[in-house]
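Heads up, there are several structures right after this.
Two complexes, one shared chain (chain A), two partners (chain B, chain C).
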Partner chain A sequence: MSGTARPGLAGRTGTLTSTGIVLAVLAGAVVVGTILTGIEGRNFFSTGNLRDILTATSVLGFIAIGQTLVVLGGSLDLSVPFVASLTGVVAGGVMAGESGRVVPGVLVGIALAALIGLVNGLVVSILKVHGFIATLGMGLVISGYIASTYQGNHGSAPRSFRTIGISFLGPVPVSTLIMLGCALLAIVLLRRTRLGHHLYAVGGNPEVARLSGVRTAVPVIAAHVLCSVLAGFAGLLLLARLSVGNPTIGSQGQYDLMSIAAVVLGGTVLAGGKGNVTGTLAGVAIFAVMDNVMAVMETDPFLRNVVRGVVIVAAVAVYSRRSIGRRPARFERPGVLDAALQEAK
Partner chain B sequence: MSAPVSTPTATRAAALPRHAHGLAGRAAASIGTPGGAVFVLVLALLVATVVANPNFGDPGVLIRFLGRTAPIAIAAIGQYYVIVSGEFDLSMAAVIAAQVVVAGNYIGDDTGRNVIGLVLMLALGAFIGLLNGLATTLLQVPSFIVTLAMMLALTGLVRYLSGGAADAPPNDDFREIGRGTVESVPVVDVIPYPLIVLAVLSALAVWLMRRPFGRTLLAVGDNPAAARVSGARVWWVKTRAFILSSLAATVAGILLVGYAGVHPTVGDGYEFSAITAVVLGGVVLGGGRGWVLSAVAGAFAIELLFTLLTVLDVDATWRDTVRGLIIIAAVAFAARAWTVGRRTGTRRTAPTTPATPLTTDLSGPPTEPTPGTNTGGN
Partner chain C sequence: MQIPRDAPRPVGAPVGAPAGATAGSGPDASVVLRARGVTKAFVGHTVLADVDLDLRAGQVHGLVGENGAGKSTLMKILAGVHTADAGTVELDGRPVTFHHPLQAQQAGISTVFQEFNLLPERTVAENVWLGREPRRRGLVDVERMNRDTAALLDDLGVTGLRPQQRVRTLSVAEQQVVEIAKAVSFDARIIAMDEPTAALADHEVGLLYAIIRGLTARGVAILYVSHRLKEIFDLCDTITVLKDGQQVTTRPAGELDDAELVRLMVGREMSAFFPAPAAGTAPGEVLLELRSAGNGYVDGVDLTLRAGEIVGIAGLQGSGRTELLEGIFGVHPFTRGELAVAGRTVRVRSPRAAVRAGLALVTEDRKATGLALDLSILDNALGAVRAAFPGRTGAARREIPGLLSNLEVAARALDQEVQFLSGGNQQKVVLARWLATRPRVVLMDEPTRGIDVGAKHAIYELMRVLAAEGVAVLMVSSELPEVIGMADRILVMRDGVVAGELPPGSTEETVLSVATGTSSSRTAEPEAER
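Showing the complex of A and B:
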């Protein structure tokens, strides 16, 4: 079961995977971006511009990596923007501008995020509530708590913590490097660990996974916890950038829907069981390049959403048709097997 | 799936459990299913609200409440078609906003444009639904993404064209559709037009779901591959569901113009409210199961909950929290009720027939609750 779902397998046999197509779309976006930026008389590959693009990937990147895990497990997480906001205000409150309290602040924020993820996972897997509803409800619960407890910006990040948001290693922001580190861990988790393989199995077909002896609840709960923790990282990063905890920062960014769009843009199947983190990163990068080019061209901010919408559908349509074309091959082997069984009879 | 195939003739003789009792018996049995339980929930919330605020029990007040709830209930009917076919429609709020802005800008003060405007709005709604449906079915893009993109594009376009600012509302004749009433009715005093629209659309929805289209829609939502090999034109059935959904959003928008002004934020959150209403009504996300009137009842349950929270003086900021908890609890209960309902259903028929194809086909292994997280998906 994990054989067909495991990323890269089809790539090794020579066919173009959806991840390959996403990377090609990303390359296309970069080429078009370079041309359009050049027409505006600017250099797409200037250090400043690359920094802008990479910085733009980090927050959505964290959330989208987590969202990938949850979607692979056959669930959804619509509570991520509220988790990010909550982590920001709570961690900011604990830090209260003192360098010595950065570590407790981070720990409290992440622990809270993990707890929310645990509840999400338990509600989805034990109470059997669809992930859409469970996390939509959880988002409402958290947003109610935030609105009741924090009337405005809360807490403050000390200078030592703020440096995470503004330091660079060459053209690459440190925050993006941390995000890529998390992505690497997620890739290892999915490819090399039992938990990762079980996640694919449960997402692909929970009934078959259960009959195969997989504890179906464990990978789903783990995915939800990791997703919330990564959303917590995003919240901490936003806290470091703004230096105060903003209670509405998550919902302003529409991170719930945009992260799901990035995941699907990256070739992960929304119903679960198929996809990978590399594609998601490419999806996030496509968004970042697109936004950057539109910012350089000074497109009307409302029209940017129109372009985003069209690009999302067009890109997903390209490889959806592709995977449809590939699908019959999967049914050939059982067909041969059936014929053999007939002969045996 | 495997066991019942061996005994098809035995089960033909016995009446199917769904039809074994009279109408009252079946209604009583359906209370145990989420689609029936939502009516109990509505009743309980209604009683609680009336106890907390006796004024609410006054027929005149109650009928006005029903009128106010009509737009969201109509949106829920539209969302029902899409969800029961196994898809999502997240573009509803954006369609409502677009229609409201069209009403404000095209119709405006000119009463002569009312009818043309209405036709234009319905045509626009149908066109948006057609785009959603074709992108989902022919381009094979998941509907979650299609309608999300439609939401982004439409919201962006509406705000670009309107500048994001409020416009003057259309003429009072047009707004009368949303806020007008039939006067001097006995007992209830008035009947709001939106409630009449809702009643008509509900009746049409029930009729439609009993037509071949409705049956095919359920079949497509339950198992698209099986429906395709049975000869259903899956793409066209699903596309029609999307068109109906956008049309319902259009009607909700027309009614909302009567209450609210013309602003691009009218209808914000309607897509999630409608999906929540449909799910509260026991319709299964992933498709194939649920009754349209239960979705309408789900919409009333949500609005009653809002009213109850207002009546009980719950802090406005905490209302979201309470709402979230109740939604999760209600759906968790629904998930239980499906499994419990199934078990009793099989047990009741056990003496005469070892397994009944109808119930087991719908439910999978009868004695095991379905593990895992998603109830299907697309």
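Showing the complex of A and C:
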């Protein structure tokens, strides 16, 4: 009877998790990057090039880890670029070029970022304003404050603080190691703490979480605070690299949308409840490799955004095709698009 | 931590000592929950008036009544979702009041609600222990969580479910089991179940029966709400009937029968539960024909459906029943074979094409795919016409009030949002929406799921009227009595193909044996689907 049923491509790709796909795409990007860089007569795996790529992952990495937490909880944070800018100028101002004032500078910057995250979290969970709007408003408030208070660069990072931005362990920048450390903590948080489990639950279905006795506001507030603090770390790193606090550095980096893009590229569902930090890191790395290869090839900088845009949309298209077929097809090969996507990989 | 995993108790084996083991109904000794004079009103409208309820250890107490009779409200008061306006609830003789479901659960009252309260993207274990994750040195002890869940499932006599599986990958029946496991994990002494079989196929109900009998054997009191009277009589020791918020009666199940119970619920005789075909209804021209049609989910389907026919499709959950309807209706279009409507071969590539070809599909989940819940009755009823035949919108708008009143939709006004209607009335709005398109073939997927006896009867009658008017009806149902009682022919699906066609009046056993592919039907076996 139905014994002739072929497994079908969908059946096989169905066993690949979203994270698996992102990692595969990352591997593909590295292979393509190696070839294209080779054509340019350069070595993709040279220490210098690896340093460039890894350096490019750290700032966006910090922010995207935080964004992952917020998105998992069913919210969003659009205020991250402004938090990064603000942390940079305020911490730079406190430091004022003196080594002895690094610690107070860092503490003040991070405390400020945490406070902003707390307000975001409270507005989202208590006032029930969607994260998109709450943090859009918060971003506007901060950007207005920065623009009216700081004309041009502000403050200065002492040499001791600047070394964070320029020291390496082999080919790996110290800043990237710190970022990976934060990622590890976030993974433990999500997998091994009640807070993490409850964050998934609230993002998945707040009513189910509530009926199970979860205090639904707590994970959301915590995620917003952590996200803001991580954006603060990014701001401090930018301060260390630039040695001055630049009030527009965050918005120049488009970290709000780029971090969300990295999160989504990493397989986290924008509606919340499903996803992980590993995927996000892979998403960040994919962007870094793409940018690096295009920089090596000296492509038009505007083309970079075109490529980024296409990659993001293509990735989400793949994910949503996966969830459409509720069950693997029993009888036949999937449609041509699946086949084409499979070829493309 | 709360799991009785130290003492493995074989399910079904009666426990000797525990309090509830008093066989029969020794008057008060085993009463674990006593509710008196429970009353609840919402915005001035009394939905529950002066209801008494005694739940006894080791017994199943059935709660029946039409939708809107107050069953759900009573359950939600016991579960701590709502708080009663008046009346008392005593647990082991001590008065209790709950303000949050968790308080009720901690006191030993767990509820399995009709809507699944599970997170599809999380594992079985994570769902069961949500909010109470076991910890070791501050971190969640995932291994212990999985171990405890496995023990819990073992204890329920369930095999083939792994604690690490994501709930999304489970069948509906398995998800129900997870819900029950979660309820039991609170060390519940009272478990209330709201329509636990609404989404289950008949053979899966057997698993639920086994679980319930296992629970009562160890002294758990069960409050069981169902619209399926057969289950009520199969399981319950005592039955309470509610009507319009009033307690009609509470009697031992042995003193009641089907007809009497229906009379008490609806307040009138229900002439014959499945109405007979209208006089003069005879199969006419062929309205729908499939020739070796197939898509990803079904294969090689041949089907001829004539005007005036009601054809039933039976089969297990996942056998491709819904997928067949979705193929016909262009949701998952057929990629092989031919489909002809009224003799004309058509390629139905989308639901829109299907509607324009004269088809209608009443989907299985009216809240998710049948209705726009926050739109009005009128907008919902007009939806299909507006989208597929915009030119006929005006005419349809004039017809809708008549259509709705023919269907006896109970609502205040046409602009009322459908989310505030009862399940039965919502389903009637769905039907009105399709009738407004004047379909030639009506596909119905679980047309009476989760609706009360009165509304069910109205839908059966409507099917007969449609048939008499020359419409062809193709109905999928998990309720075998319904398929057998209504269909002129029964197609049985198995593993995505039509495994057999049976004449009307076939027995449930025959249908099941074709559906499962065995000669003898064994219903008490957990489904192994993966």
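To be clear about the criterion, the second predicted complex is superposed on the first by the 308 of 345 C-alpha atoms of A that agree within 3 Å, B and C clash if a C-alpha of one lies under 4 Å from a C-alpha of the other, contacts with A are read in each partner's own complex, and residues count from 1 in each chain.
Definition applied: contacts are C-beta pairs under 8 Å (C-beta built on N, C-alpha and C of every residue); 3 or more make two chains touch, one makes a residue touch a chain.
These numbers were taken from a predicted model, which means no experiment stands behind them.
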Looking at A:K274, would you say it contacts chain B, chain C, both, or neither? Reply first, second, both or neither. second
Between chain B and chain C, whom does A:I116 touch in the aligned arrangement: first, second, both, or neither? neither
Between chain B and chain C, whom does A:V141 touch in the aligned arrangement: first, second, both, or neither? first
Taking the superposition as given, does A:R194 touch the first partner, chain B, the second, chain C, both, or neither? second
Per-residue touch tally on chain A - higher for chain B or for chain C: B
Please indicate which partner A:L226 is in contact with in the superposed arrangement: first for chain B, second for chain C, both, or neither. neither
Just chain B (first), just chain C (second), both, or neither: which does A:A209 touch? both
Check whether A:F302 is in contact with chain B, with chain C, with both or with neither, and answer first, second, both or neither. first
Where chain A meets both chain C and chain B, residue numbers: 207, 209
State the interface residues of chain B toward chain A in the complex, per the touch definition above. 90, 135, 139-142, 144-146, 148-157, 159-160, 164, 272, 275-276, 279, 285-286, 315, 317-325, 327-328, 331-332, 335-336, 364, 369-378
Any idea which chain C residues touch chain A in the complex? 81, 100-102, 105, 117-122, 126, 130-133, 135, 138-140, 142, 294-299, 318, 320, 335-336, 495-497
Report the residues of chain A in contact with chain B in the complex, numbered from low to high. 73-75, 123-125, 127-134, 136-145, 147-148, 202, 206-207, 209-210, 216-217, 220, 257, 260-261, 264, 270-272, 300, 302-306, 308-310, 312-313, 316-317, 320-321, 324
What part of chain A is in contact with chain C in the complex they form? 1-2, 5, 8, 10, 188, 191-194, 196-198, 200-201, 204-205, 207-209, 211-214, 269, 273-274, 325, 327, 329-332, 334
